[in-house]
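Got some structures for you, see below.
Each of the two complexes below includes subunit A, the first together with subunit B, the second together with subunit C.
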Partner chain A sequence: MTEIKVRINHISKVYENGDGIRDIDLEIRNGEILTLLGPSGCGKSTILRCLGGFQGVDSGHILIDGQDVTELPANKRPTSMVFQSYNLWDHMTVYENLAFGLKLRKMAKSKIREKITAMLQLLRMPEVVKKYPSQLSGGQQQRIAIGRSLLLEPSVLLLDEPYSALDAKIRQQMREELKRIQRETGVTVAFVTHDQEEAMALSDRIVVMDKGSIAQIDTPQNIYENPINRYTASFIGEMNFLDQGLDVQAFRPEDATLSAEHGDFLARIDHVSSAGHYGIITLTYQEQPLKIFVDKVALAQYQPHQQVYVTVNKAKTYGAPALTAGKSGA
Partner chain B sequence: MNDGLNDDLNDQLNGSLADNLKAELEKNLRHECDSVNSNTAAAEPEVTNDRTSTTTTTLTLDATTEPAIGSTTNAVSATANAGSHASHTASHARPISARRRLVKLWGQRCLPYLLTLPAFLLVMGFIVYPIGNTFLRSFRDGKTQRFTWDNYRYFFIDPLQRDNFAFTLRIVVATVALAMVLGYGLALYLHFSPSWVSRWLRSLTVVPRFVPGLVATYSLIMVIRDAGVLNRLSRLWGGNFKPGLMYHESGIILMNLWYNIPFVTLIMLASLSALKPASIEAATDIGAGKLLILAKVVLPNTFKEILIATTFIFMGNVGSFTTPFLIGGNHPKMLGIALFDQFNNYVNYERTAALSVIMFLICSLSASFYIVNNLRQRQ
Partner chain C sequence: MKHLSPRRIFYTFGKKYVIDSLIFIVFFLFFFGPLLNTAMLIFAERYQAPHLLPTRFGLQWWCYILGQPELLQVMLNSLLIALIATSISLVICLPAAYAVARLQFKGKSFFLFSFLLTNAFPKIGLYTAIGILFYRFHLMGTLTGVVIIHVLNMLLFMIWIPSGAFQKIRIQQEEAARDVGAGPLRTFLSITMPIALPGIAVAAMFSFLGSLEEAQGTLLVGFPEVKTMATSMYGMILDYPPMAGAVFSVLLLIPTVIILLVCRKLFGKGILSGGIMM
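Now for the complex of A and B:
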């Protein structure tokens, strides 16, 4: 049912210092937002740069729309990249920035004007057309950069941590904005980020990366509910790990309940705090720290140093302590 | 400006050096008031264990109470004897006296002027005055001291002098053009090529800065003169190659390039490193080829430094002396040599002055071109 837009076949690219990606196999579906998520140095940006043609591969193939683009340089690929920052050319106005690529494609002037007007309309910032990038905020600059890429109607829009230089509030707005633009244009997006919250909020599917390999690919919900290994479990959302000899039991702070009378095991409360619409209680059990979310109404009955019973309602068990970096298709 | 400087100085005064001085001043002032009553009475309670030391202190302070304010010598002598007085000064806090405030104010007001005075005098005496004098002299007749245009007219009418102008401009323009093209090209290569050759060349570009001008010029002469290294090498193969570069403008230009290419390269490398790689990658991504990226992204972003380099090379070469003196011929001559002739050989100070003003105007023309462009960019 879903058409495959990009097929990455066993690509590897290892840098001199040993960093890089090894045997990456990945498919990007038409019209989805796919996020590559992982800590810095995990190879997520390398995959994107290989896709965009800014980085050659040691082995493997990249197919976009069924065409092998592995050997094509960046300017010949049907992709367009938005970088972390410094995307726009400072010496050109917004209009000139947007028009540059279209002029290269020998488009008629009237057509260019028409397309740019429509694009600024889509970005909801038609008033900036004559301004220079230095007169725009960081968020506005990144939106124009996205617009510039979209004008070229790429098969895949590549975004390399485009919002990491912006502050938290703007970042949230930008995510919503990107989702809206993606809905309206139907463009396929590959998005790189180290921010799991951003990945969760934005993506149709997330690729969790670990040291140059893929740890897990799935929808945000599935990755949150069923992390395939301890690495993914600890990287996405908050997770408690209880070391039980051979195995490690992992459960989310919201998947356990507290009770004064009965439960699975007894733990001592360290700290009670409120996060507004819910309460956070940290406990110690067998010298291991735990964190549990409780209803804000129930928060009042718990005090530090109190002994309470903990019931784990939903848990995953992982082999300890080896971090087996397995792979999984969605 | 002044306020900032004052604050800085004040900070410093309040800091390390001044701590002693201030404490002592305070002590002296307090002592002045106390001396109206009884010195010994004031000093007595502070005597802790060493009686003699306290007495000597009191004595020194007494003797120098009146001229004490602001006098460092006293402060030093007091410090030498102070000893037990350190605690004494710290414990009593009194309102700042009007007199002390006056001293402080005086110091704040005058110190910056005092500090800038030597530089100011130097500039006025050795730069502003001679320039003004030269300017006036250039309009004066050497014998009658009357106003005249003749000194200028000479340089614009005399065919030999007109040749000198044309010769100088030709050399300067050729130097600027060649140095910019070659230096910029080299900078582009050094910046974008990751090869070891590029790294090696980059460290070589600073070498000309370390070689004294005269030494470099003589070295080049040894190579390019008609009986020089090149000639002797050609003889090894049975030829007799005479470069013909000596006493010719091409020799001067060649020497100029030795200095100016590395200069351009250094400036342009700094400018290129400020250019963000993403800016170029974004252009590549959009489909621009290398030449287009150079024209549309790299050149506009380094334009300011191109202007700086052009202006500096132009100005530096208009007044150049060593190279044309050693390599240039008897006629035509570069303006620097023509100026030297007027001053040293013809001892015509009025014409020297006029030529100086003309050269200054040529240079300021290129400088104003740079400034105007700079201002326009900032808007």
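Now for the complex of A and C:
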């Protein structure tokens, strides 16, 4: 796992409107799924497009398998990209779509047939071979696009929000599918998404991006448990922030407990609701909103407007941002 | 007879149905009336003023027209000029159409607008100006000169329609081709062109048909050396009774109908509507 597949050395690419990436330094390990996560405009797609050769860089270098590819055009790079949509060529059948890249590599016809059959087997959709892209569902099209990329045995598979145009239920299936395919092929994957849930479910490591820079790189678990700053804390999972003058105390909704008799501080319940297997209670403490998860059995004992004690079991403290520091109530 | 009274029909079928039918009949006569008249004329032998219908029917004018020694040569000229002009304009216009669709460059809207501008002027004035140039370059009365005129007439269609077709192609589809290892030219030939083909085919077809019936410029530049079906038509209309013109126009129609049928066969029924969707 420690072998480095891709090394991104201090690359920058700033667009005319000021968006872009600045001094990105990043390594992708062999056989991992690395996710670039951030809101739109944070530069995550730019990094991927730089990797794929669709975007030149202002400065810095990109090395894939130890080879400098910074100046190579997309068709000469050992990468393969799957876009958000419109990946497939409408005028070709699924078979022709899959075969196009292999033909360019002058592979023998029988070998191409063999590889495509095996790939459709891996994707578990051998029945679509003669169909046209317009006859497939959105999810199927994306799977074929991933298959087409995998057939070329790329050093890195680049996925640019490949599932964001699909509906939630399909998206979940596609994640499972991608993890399975990645396990079976061992391919290195760089995945771009703005969906933190998707990043958590898929990744070996997550790169949290903030305005063109990297905010934090770590495993999903570590990022969830130890967000390095307030930005990461607010972006990954749900987090309560309590303004305490100079510092901000942050804790997860599941890291606090409620009690009618004793606790750290007293807060007023605003709303009680059930999310099925657990309950969600929103409260107000010193004019700041809080959200706490409680056991579904305990949910019945709380009503709106009730005063309850809150105990924070696990919290992190960040420096208060300048903007909200003046509002502190204590 | 009482079932045929207009009042009864009006209230039986409803106001909307009757009005729609009337509008349909008016349009039908408007579009097909001249054709029906032509259909009648081509089988007429004698047709003079006081009579509503021809007084004698026959194939006399067919024999006359088909007996013309020049006919075959003139038809071949027309087809040859249309073929050369369409091919040349494809080579010139497709890259231009692609540039218009994909690239942002200074003066792009002016470039597109300029084609409309040349079409807004009376053509005859343009041809006269071109004629002055052609005299200098010894292009008057040559095939080259006529082809240049025809290509000029095709520019608007051949750039606007294909550029609409190119615009419909998603940039990701081209990027995906680059991604799997295709160079720029291979991407254009294997991905961009085939997806844009319906639009290109429609433009080429319109240009070809337009060239077949182009008479004004051909007459000015090519006369008397280069004769096409369309220019011969002028002489025919001026010198002979309407029956000769009718027969000749039906002959002119044949290549057009054949091309339309071939295009429909090759590209499917949707081509005429699907190809020019912008």
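In this section, the second predicted complex is superposed on the first by the 320 of 330 C-alpha atoms of A that agree within 3 Å, B and C clash if a C-alpha of one lies under 4 Å from a C-alpha of the other, contacts with A are read in each partner's own complex, and residues count from 1 in each chain.
Just so it is clear, contacts are C-beta pairs under 8 Å (C-beta built on N, C-alpha and C of every residue); 3 or more make two chains touch, one makes a residue touch a chain.
Values in this document were obtained by computation on a predicted structure and should not be read as measured data.
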Checklist entry - For the overlay on subunit A, clash or fit between subunit B and subunit C? => result clash
Checklist entry - Which holds for A:Ser80: it touches subunit B only (first), subunit C only (second), both, or neither? => result both
Next on the checklist: For A:Phe100, using the defined touch cut-off, is the partner it touches subunit B, subunit C, both, or neither? Pick first, second, both or neither.
Outcome noted: both
Next on the checklist: Under the stated touch criterion, which partner chain does A:Glu16 make contact with: subunit B (first), subunit C (second), both, or neither?
Outcome noted: neither
Next on the checklist: Under the stated touch criterion, which partner chain does A:Glu127 make contact with: subunit B (first), subunit C (second), both, or neither?
Outcome noted: neither
Next on the checklist: Which partner chains sit in contact with A:Glu287 here, subunit B, subunit C, both or neither? Use first/second/both/neither.
Outcome noted: neither
Item to check | subunit A positions touched by subunit B in one structure and by subunit C in the second | outcome: 52, 54, 73-76, 79-81, 83-91, 100-101, 104-105, 145, 148-149, 152
Next on the checklist: Taking the touch rule as given, give the residues of subunit B at its contact with subunit A in the complex, in rising order.
Outcome noted: 276, 278-279, 281-289, 292, 296-297, 300-301, 303
Item to check | Residues of subunit A defined as touching subunit B within the complex | outcome: 52, 54, 73-76, 79-81, 83-91, 100-101, 104-105, 145, 148-149, 152
Item to check | In the complex with subunit C, residue positions of subunit A that touch it | outcome: 52-54, 73-76, 79-81, 83-91, 100-101, 104-105, 145, 148-149, 152
Next on the checklist: For the complex, give me every residue of subunit C touching subunit A.
Outcome noted: 170, 172-173, 175-183, 186, 190-191, 194-195, 197
